[in-house]
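In the two assemblies presented below, subunit A is common to both, partnered first by subunit B and then by subunit C.
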Partner chain A sequence: MMRWNMKIKKLKEFLKIALNNKMALVGMVTLLFFILLAIFGPIFFPFSTMEFGEVEDILLPPSAEHLLGTDDMGRDILANLISGARISLLIGGVATAISMGIGTLIGIMSGYFGKGIDNLLMRFTDFFLVIPWLPLMMVLAAILGTSLWNIIFVIGITGWAGTARVVRSQTLSIKERQFVERTVSIGASNTHIMVHHILPNVFPLIFANTVLVAAVAIVSETTLSFLGLGDPATASWGMMLHYAFESGATSARAYWYYLPPGICVVMVVLSFTLLGYAFDEILNPKLRGR
Partner chain B sequence: MHKGTIAKKLFYAFVTIMIVLVFNYILFRVLPGDPLAMMMRNPKATPEMIEGIKHFYGLDQPWHIQFFTYFKNMFAGDFGTSFVFKAPVIQVVAGRILPTVLLVGLAEIIAILVGIVIGVLAAWKRGTRLDVGTLGFSLITYSVPTFWLGMIMIVIFCVGLHLFPTSGMFTPGKSFISTGAMLHDLVKHMVLPVLTMSLVLIGEYALTMRNTLIDVLSEDYITTARAKGFRERYVLTKHALPNAMLPMITIIAINFGFIVAGAIQVETIFSWPGLGRLMYEALSARDYPLLQGIFLLVTVCVIVANVLADITYAYIDPRVKN
Partner chain C sequence: MGDDIIVEVKDLKVHFETKKSLATDLFHKDKKPLKAVDGVSFQIRKGEILSLVGESGSGKTTTGKAILQLVKPTGGQVFFHGEEIKSRDKYYMKGFRQKAQMIFQDPYQSVNPRNVVLDIVAEPLDVNGLVKTEEERNERVKIALEQAGMIPAEEFYYRYPYELSGGQRQRVVIASSMIMEPDFIIADEPVSMLDASIRTGILRLMMDLRDRKQLAYLFITHDLSLAWLISDRIAIMYLGKIMEIGEADEIIHRGVHPYTKALTEIMPTPGVNNRGKKRNVLPGETPNPTERINGCKFFSRCYRAQEICKNENPDLCEVSPNHFVACHFAREL
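What follows is the complex of A and B.
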């Protein structure tokens, strides 16, 4: 518990530095905006998003009634965009959590046990690192079927390899420190050491890695949905772009249809990327002042 | 590089390919929703028909024999028959390789060259507007989904300016009077897909080039070279650049998976008749043998390319040799 308290204190210091970093600040504010939008947005825009509109409502340009116009099925785009924020952030969040969980577990075990286990786990990691991620996801999603949770599972299970590598190398260095040696000598179990001594020390690194994995997860969701592997019952940003492309919104010059979802994706991913870049600068003092 | 190290790398690549084969086998046969289960769900299928299908796919054999047959077929290049094209997968795939190689190869060459130039300029003029612009450009292109960038390209250059055709490799139904006219048509169709693909890649190459060059420029031997009185340009091109190029090779290798993803999206958006578009078509029609064949081919290519990059790197960098 002591150790975790210390880490939380360190995390607070870290956040303090992050708030002074312009890039991190922009990233955090943008992200906060979308999270609030996802949580509270539907309260202010109680449009039913999946219900089809009337024929005369199809592809209407922005107006007072429909601030961002309507899509090819007469649905309000702003309402869809807001519920899309929910879906996209949900998929991004849960898939990231799965990836971080697998990556941390494999990374710590690999680094801590070393030898045969390390070799085996790292070959397994290399496999996931080297095979092209989009074809893998496409094949997995096609076979599992297109539901929201399958998409989350597919993204989560393919995105952990980088994290495992980073965590492993950090574990290797922590393992050699004296306090670990001391804990071993008083007879602590491997699990105890990994959970109570190694994990808190790799935590800052995992934290910084999370934002990069989240960025990839959001892009993956958008791409998979665009390719027709999204859950047809949900209105994620990727699904909106899928319908926009399929219905020929680009040649119909329906800019209100194909622009907003794309801009939202870019903003969310960009804010994660900015945070990642800033964290990298904060954690690696060598890069500072570049 | 030590011969043993090369052998080790080749061995690991071989192991990875074997894992991919096993993985592929399990994926398409054991998981729910396999094509046969879908066929058998057809209420019109009689027990005899199901038996017939099972026998046709060898599913009435014990699993270890099925497994062995699968490996034998894979190594013989027999990936089965495409549901949609009613032709051997290998034949369908072979016809689509050239367009993809053309698109990806050209985009990659452009991206590497432009990326290096921008990266060097940014590192050289560090802290200037050019440098900040490079960083901004890189972070933004990194965050834009490739397919959406393609859509925006179509909106600007095809719908708006009417400069280029939106899809395909040649104008359909057109007969060409000369090779020159044909090439002209091809180039017109290629501009946007290649541009989209390169734009996505340039940012990362530029940023990598910039960061490594800045690292290298702070090394002692650069200070030594400057102290010797060499001109700045000479130090940059003869001392710094050759060393800064090394990490580029690694980044290019790591990027292969990313390039594949880009090709699938760009080819889908622009209806480019390559492997990526074929994969999308196979996916939409749930043409499992075809999907499996492309997946294997692409994966093996990426693994082999990675090993080649590894070996090249060790060959160029004398420090890795020892």
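What follows is the complex of A and C.
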């Protein structure tokens, strides 16, 4: 029981600092809004990609009946946008988790074992770091085929290299600390040291990195979908932009079709970026403004 | 003598390769190894405190780490309970690590700042899978903490290291070392980072544990008067070699080696009359440990240095029972 009390106390302290930081506050509120929208929105605004409207409903401007107008298939754009939030955040979240998992594992192993293993893993990382990720994702997505989980996999597997680098450098510094040597001297295994001593100490860094990787993941999803590599059966924001472009909504000046998904992507990415900078400031007291 | 020798070190050597530079590679100059420990031998008996005294860079800490195989020795042997330490044998090392513990110099660095006291102290148990239930774990942590003078123990369970004072942290580290009930402890300057007011408490605790459990200590320090106060025997180290080893009182009062004499000379002695007394301060600086010295390591700073000292390395010889000195003129001094 005491243990949990301590954790809750720490979380409260963290929240207190976070709420005093304006960037973090704006980021958290925006993100929370979209998360709630993604979870509960589709209950109130049901949407299916397969249900088309009547001919007279096509590309209607915003009105009382359709708050954000309709698209080229006569579907309600607000409902599409809301269900798109679910898909976009799902892709962003799971792809980020994959990226962070791979990046952390490779970074810690590389930094901790050093020597040959470090060299091998870091050359592998460099490969992913320098290869242009957009063409790589496009090729992978084209080969694997367009499904929701393939898109997640492709984004996840291309975005971990930066994290691995950062985690490795932090691991190098932590493994020289005396408590690691002391843990060796009580007979701990490498796995124990990596899991119980290195990981908790690189965690703040991983945490701060996660939000930035998430921002990139969401942009990546939008990009891939816009280029036509998304899952046609899903209603992500990227797919909306794709259809808006394909159907000529942009030249038809149907701003209500292409603006909302674009704005949503920008807002989510911006909120992640704000959070990232704020975490950096919180975890790095040197950057804190006076 | 005999069976109660816990640790025996024979001709221990730790040489570090110095970094290769382009220049040395180009000119085929042979790389000079840094001889941190260069042929150290001693024994520690049950319930005995041996102090390893020397200035910074003399290889005391490296000696300690080499005994525990935290640094790979490049030569010599270490025996534990009469058996040579098999650093490649994982099963053997697991047992050895439980029986030989190290207390590090800096209590601020030697505990993970993200763990609470309970987990820090219990870690050796967890790592070696020695307890089955939560109650057993808590019970043993409680005993260890109370032994280390953290009373009431429960109050400290969920504190983070930053919530403790330096002395309390060192007590936590000691508790964590004691929980395994080791036979041998290497204490690397355990009080040098602490306030003078806290030192006595920690030292008393360590001596108390020695008396109760008959532990063997290797006490590493640069403070000769501290070594005199707590240890049974003292070994004086200089540039990776033992210059003189013997009973604590013998070394302090009847030290033979010129280096020992230089050290005892500058030991602070209380008393009004000593004020302004002229002391012989050792001239010069410690030579670079990568330098190749064929003769006596202390040659460059010794007032008695002769030709033989330059060319021949003196071995330890017994000047009186259990008192060994490495000097060519040991019997004349």
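Keep in mind that, in the parts below, the second predicted complex is superposed on the first by the 273 of 290 C-alpha atoms of A that agree within 3 Å, B and C clash if a C-alpha of one lies under 4 Å from a C-alpha of the other, contacts with A are read in each partner's own complex, and residues count from 1 in each chain.
The working rule: contacts are C-beta pairs under 8 Å (C-beta built on N, C-alpha and C of every residue); 3 or more make two chains touch, one makes a residue touch a chain.
Because the structure is predicted, anything quoted here is derived from the model rather than measured.
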Combined model on subunit A where subunit B meets subunit C, clash or fit: fit
First, second, both or neither for A:F40, with subunit B first and subunit C second: neither
Residue contacts with subunit A in the superposition, subunit B compared against subunit C: B
Touching partner for A:V130 - first (subunit B), second (subunit C), both, neither: first
Touched partner set for A:M138, first subunit B, second subunit C, both or neither: first
Which superposed partner A:S251 touches (first subunit B, second subunit C, both, neither): first
Touched partner set for A:V265, first subunit B, second subunit C, both or neither: first
Which of subunit B and subunit C A:N201 touches, first, second, both or neither: second
Contacts of A:W149 with subunit B and subunit C, given as first, second, both or neither: neither
Inter-chain angle, subunit B to subunit C through the CA centre of subunit A, in degrees rounded to a multiple of 10: 100
Distance of closest approach, subunit C and subunit B, by C-alpha atoms in Å: 9
Footprint overlap on subunit A, comparing subunit B with subunit C: none
Residues of subunit B that touch subunit A when the two form their complex: 12, 15-16, 19-20, 27-28, 31-34, 139-140, 142-148, 151-152, 154-155, 158-159, 166, 211, 214, 256-257, 260-261, 264-265, 268-269, 279-280, 283-284, 286, 288, 291-292, 294-295, 298-299, 302-303, 306
Of subunit C, residues touching subunit A in the complex: 68, 70, 93-94, 97-98, 101-102, 104, 106, 109-116, 123-124, 127-128, 157-158, 173, 176, 180
Residues of subunit A defined as touching subunit B within the complex: 123, 126-127, 130-136, 138-140, 142-145, 215, 219, 222-223, 226-229, 241, 244-245, 250-251, 253, 255, 258, 262, 265-266, 269-270, 273-274, 277, 290
Subunit C-touching residues of subunit A, taken from the complex the two chains share: 2-3, 5-6, 177-179, 181-189, 192, 196-197, 200-201
